[in-house]
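Have a look at these structures, which come just after this line.
Across the two complexes that follow, chain A remains constant while its partner is chain B and subsequently chain C.
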Partner chain A sequence: MRIKETEKDGIVILTLSGKMMLDAKSAGLHDYVKNLIEQGKTKVIMDMGKITWFGSTGLGALLASYTSLKDNDGDLKVARATRKIRSVFMFTQIIKVLENYDTVEEAVAAIK
Partner chain B sequence: MNDLTEIQKLKLAVKELSVLNDIATAVSSTHDLDQVIELIVHECVNHLNVEQGAIMLLDQTETDDKFHTIIREVETETDIVPYHFGVQLSGWMIKNQKPLLINDIASDDRFTNLSDGEFPINSILSAPLKTKGKLIGVLNVFNKMSEDGFTPDDQRILSIIATQSAQVVENARLYDEEQSLKKIEEELNFATEIQKNLLPRSNPQLYGYDIYGKSISAKEVGGDYYDYITIDENNTVICLGDISGHGMPAAMLMANLQATLRGQAIFTSSAGECLTRANKLLYRSTDMQKYATFFYGILNTEESRFHFSNAGHNPPFLINPNKNVTRFTKGGTVLGFMEDYQFEEDSVKLHSGDIIVIYSDGITEALNEEEEEFGEERLLAVLKNNLKSTAEVLVENVFEAVNIFVDDGKQSDDITIVAIKKI
Partner chain C sequence: MDDNKTKLKISLNSFDDLEHVREAVIKFCRYHCNSNDEIDIIEMSLLEACHNAVQYSEKRKNKPLCELILFYDNKCIKAIVKNYGKAFKVTEKDTFSIDQDFLQYKNGGLGIPLIKSLMDSVEYLRKPDNTNELIIVKKLIKYQ
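Take a look at the complex of A and B:
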């Protein structure tokens, strides 16, 4: 999995691509977010449109990132989650707290 | 005059050959890295007439980051290379990768902050240890015991020794690494044993029911867990979960979860309440990245009822003899994510011929060579074709179907299924 970071009006957009599965990079997503928090950046959008595979490690990293951001008065929104990711969000009921938006722009508007 | 030079050259050549021969003979007797280093240093100290010697090895695990250089020394006396000097010396060697000869170290401006008087080194001769063009360490000798100090001939000999022994040191280092890996593997095998002991050894024999469960780990230690807990003569807990991650951390969390559930199951007859309590305990005892998807069911044989609560797990199937399918979704989110979370529960009445199938995502997410998932539809098709089979045959047929589908693709996740059939 690769992480590309861009920033817009103080909101960090992480564009994730590749396989979000059992590897150090996916688990490292949480460390990446913790690093953002240390820099005072606590509003994060994860653009998941380019994720080709989503496994349990990916979900773990996502949940941990969400918890860390919330603990620091921040927020996490997800954009462009694929059908597979949305179905995982559904049956794990994560969807109730981790909202998904069809576009990055909508997610940015929602997090402001 | 010329003759004398020739004789000197010959003597020198003989000396070089004899040093190399001694080293070769000595190191051929051992694979142990520390012993190999000690032998090389010992030979250098003897042949070059110096007080002490040391080999520093670069840590090769962080090859991109030279600043993480770890210095490993074996020397004739302890603390021969003071820490700051060692860092400066290895830094110089990483940059220059060539022999270094200094006969008066106090006046050499390449090395600074060496405390006067107490500093134990006057002269130093170092040569890089390189294999395949890569620096793996530094061979050093200190304090030449003659007035002239180190000579260019000494430098030549040490360089030859360094060149000749680099591969020997590297081989010993690789052997050392292999031994460490073996040790890790042994620990993993131990964790596998722990995990295997957490899984049920047999299936419950309940009147009017046919129950069969099976789990296969993808790696040495997997994250799937299933269990049967007898509450009383009429109620049996049948649960299945998938713990995030693999290896020792997953095994530890699994043990934790089992202890928590077994403790809770006896105190409450409500599936939702049991998960609510287990979730709270799990949340407090695990780090943020760890969670478990979990399905908790209680089979009441007296009322022919199945009570359940689903914590973010793939919804199990209930299939009746007419092939109608119901999914068990009621419950809540994954365990270990939110501390205060009330899990809901539901129940279904079971009739003769009904089959409940609880499974882990290792089945539906099994990939074939084209990276296509086995998926719920294929699973459901196998189940519908086996409605008249025993629970054991049904479960084994699912495993077989997944194996055929995956073919040469590697099993990447644990696979677990539990089938409950009302006779």
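Take a look at the complex of A and C:
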């Protein structure tokens, strides 16, 4: 999995791509977010439109990132989750806490 | 393929074989399922199960790390994922509960709860020869 970081109006946008299930980098996503928190960046959008595989490692990384950001008065929103990822969010009830937006712009507006 | 009890068996020797599993599962499910959402769910669940089986399997000479056997039987897709190695614990909970389990799962161990959330039943069998079998069933929407 690859992570590309950009920033807009103090909000960090992480564009994720590739397989979010098989490699250590997926689990490392939480470390990446913790590093952002140490820098005082606590509002994060994860753009998941380019994720090709999604499994429990990715799910765990999302949950852990969400919890860490919330614990630091921040927030996490998801944008452009694929149909498969949206299915996982629905079946696991994660959709109750982790909102998905159709576009990054909508997610940015919601997290402001 | 016969509709009553079709069967597919795939051996995995590394993570690289997961791509082959994905293609085979999709092809198998397309024959029996009407819904793309249903195919997605079965595909993700079986990839998760096979990934974990390969990851935790112990190597044996001339034996695959993991075997996936897929059936269409009695209006269900049924999968058996076999590997050889340490026994593992299968949570008794039927679904992932975001309210209760959120913090508990953030450091891993989400594989089985995820599969349980996506599929209709997950049963674990430990065989005397130290083989683990995960039996996963999805009832097809078109018959419900």
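Remarks
As a working rule, the second predicted complex is superposed on the first by the 112 of 112 C-alpha atoms of A that agree within 3 Å, B and C clash if a C-alpha of one lies under 4 Å from a C-alpha of the other, contacts with A are read in each partner's own complex, and residues count from 1 in each chain.
The criterion applied here is as follows: contacts are C-beta pairs under 8 Å (C-beta built on N, C-alpha and C of every residue); 3 or more make two chains touch, one makes a residue touch a chain.
Keep in mind that what you see is a predicted model, and the values were worked out from it rather than measured.
With chain A as the common reference, chain B cannot sit beside chain C without a clash. In the superposed pair of complexes, A:56 makes contact with chain B and with chain C alike. By the touch criterion defined above, A:93 reaches both chain B and chain C. In the superposition on chain A, A:111 makes contact with neither chain B nor chain C.
When both complexes are overlaid on chain A, the residue A:83 reaches chain C alone and has no touch with chain B. In the superposition on chain A, A:14 contacts neither chain B nor chain C.
In the superposition on chain A, A:64 makes contact with both chain B and chain C.
Clashing C-alpha atoms with chain C after superposition occur in a single stretch of chain B, namely 239-247 (options considered: 149-157, 203-211, 239-247 or 257-265).
Residues 21-22, 27, 53, 55-57, 59-60, 63-64, 67, 91-94, 96-97 of chain A lie in contact with chain B in one complex and with chain C in the other. For chain B in complex with chain A, the residues that touch the partner chain are 223, 242, 244-246, 287-291, 293, 312-315, 329, 331-334, 337-338, 361, 365, 371, 412-413. Residue ranges of chain A in contact with chain B, taken from their complex: 21-22, 27, 30, 53, 55-57, 59-61, 63-64, 67-68, 91-94, 96-97. Put simply, chain C touches chain A in their complex at residues 15, 18, 36-37, 40-41, 43-44, 47-48, 51, 95-98, 102-103, 105-108, 110-111, 113-114, 117-118. Within the complex formed with chain C, the chain A residues making contact are 21-22, 27, 53-57, 59-60, 63-64, 67, 83-84, 87-88, 91-94, 96-97.
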